[in-house]
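By written order: A, B and C. Residues from 1 in each chain.
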Amino acid sequence: MSLFLINVLLALAWAAVTGSFTFLNLAFGFVLATGALSLIREQVGSVGYFSRARRVISLMLLFVYELILSAWKVAVLVLTPRMDLKPGIFAYPLKLDRDFEITLLANLITLTPGTLSVDVSDDRRFLYVHAIDCSDPDSIRRDIAEGFERKIMEAFH
Amino acid sequence: MDPTAILDMAVTIALILLSLSFLLTIFRILRGPTLPDRIVGLDMLVAIAIGFIAVIGIKTRYALYVDIAIALGLVGFLATVAFARFVLSRGKTEDDILTESRNAAQRAAKDARRAAGNNGKGNT
Amino acid sequence: MMASLLTLVSAALVVIGAFFALVASIGLLRLPDVYTRMHAASKAGTMGSGLLLIALAIHAGDTGTMSRALAGVVFFLLTAPISAHLLAKAAYSVGYRLDAISVRDEMAENVTND
């Protein structure tokens, strides 16, 4: 976290030196500071910082990709003349245990293709997910476990 | 073709599509059949209104519309949360309410009949 | 050249965003029960208004408007799943059933309705 602070400070320093505090210049300064830190990552021990940042960014990219895919799938489903729906609710066994991570996973599930998180069981062992095509819940479970849950674990553990 | 002309055409098409989706969503809100259906419809209406404001912002080049869109999004989110709380605190579905009122009507009819029978017995 | 390219991009985004909003409302009309309708509203609806706001951000060009529009998009992405989740949970716990064509309901076995 302190490395992130240094990164922000360097960005502020860049803005001060160039004499313009616009959003674009600050963002550019942030990118420059990240580059400078990555050059000396062996010396200041920021290897973990960069690999974590990379994993958070890859989680965000996966999320945007899945959102576009899911909106597209809803569009295709709605516009087919004969809808063949098999909706249902299935239980998903959670491996994550912290509140923050469960919230993140539930939100990501809601915005991904064909799934909508409905509830968490009281003992936090199951997430109940409504799927628009629930004919094969095991494959959906596998997709979530190998996609989002693994990425969240990598990014925040 | 000139890019601005294309943008103008795109804005017109978008306004037509958004008006259509407004109408369809309002039809769902009127139709129901349950309270959560109507709430989903109202939530969707807010989302479409935000889209509308963004398109109008592009058409008029008036940047202040962004703030209006964000404020509307905030209010819409709070409204949906409040509606969800209301569904939870009401604690029964439309079917429950129907059965309850039907039972109550039957009970009232039975009571009235019994009262009428007692009166008749008293007179003889 | 750059400016006209950006104009074209925002024109495309406007049409695509409006299309997704229309799809979401058709879904609202055609899908059978409240849970499946929530799928359409929370995904295609968010996508639609998000794309329209991004188009506004690209078209506006100045950083103040741009950062506000992007903050709005992030805000919608954060709140849409939360409100859908809240509503689904409330509807389920009150006792609105799934539509008859649903194939399974593993929640009914574990949740005792009060």
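Note that contacts are C-beta pairs under 8 Å (C-beta built on N, C-alpha and C of every residue); 3 or more make two chains touch, one makes a residue touch a chain.
These numbers come from a predicted model, not from an experiment.
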- Could you classify the connectivity of these chains, where an edge means two chains touch, as line, ring, star, complete or other? line
- Note on the structure: Min distance from chain CA centroid to global CA centroid: chain C
- Message: Taking the mean of the CA coordinates per chain, how far is chain B from chain C in Å?
- Response: 16
- Note on the structure: Taking each chain's mean CA coordinate, chain A and chain B are separated, in whole Å, by 31
- Of all the residues in chain B, which ones touch at least 2 other chains? none
- Residue list for chain A, restricted to those that touch at least two other chains: none
- Note on the structure: Within chain C, the set of residues that touch 2 or more other chains is 19, 24, 26, 38, 46, 64, 80, 82, 89, 93
- Message: Quick check on the complex: what are the chain A residues that touch chain C?
- Response: 22-24, 67-68, 70-71, 74-75, 77-79, 83, 85-91, 106-108, 110-111, 114, 116-119, 121, 126, 128, 130, 132, 134-135, 137
- Considering the complex alone, what residue numbers of chain C touch chain B? 4-5, 7-8, 10-12, 14-15, 17-19, 21-22, 24-26, 28-29, 34, 37-38, 41, 45-46, 48-49, 52-53, 55-56, 59-60, 62, 64-65, 68-69, 71-72, 75-76, 79-80, 82-83, 86-87, 89-91, 93-96
- Query: In the complex of these two chains, what residues of chain B are touching chain C?
  - Reply: 3-4, 6-7, 9-11, 13-15, 17-18, 20-22, 24-25, 27-28, 34, 36-37, 39-41, 43-44, 47-48, 50-51, 54-55, 57-58, 61, 63, 65-67, 69-70, 73-74, 77, 80-81, 83-85, 87-88, 90-93, 96
- Note on the structure: Per the touch rule, the chain C residues reaching chain A in their complex are 19-20, 23-24, 26-27, 30-33, 35-36, 38-40, 42-44, 46-47, 63-64, 66-67, 77-78, 80-82, 84-85, 88-89, 92-93, 98-99, 101-108, 110-111
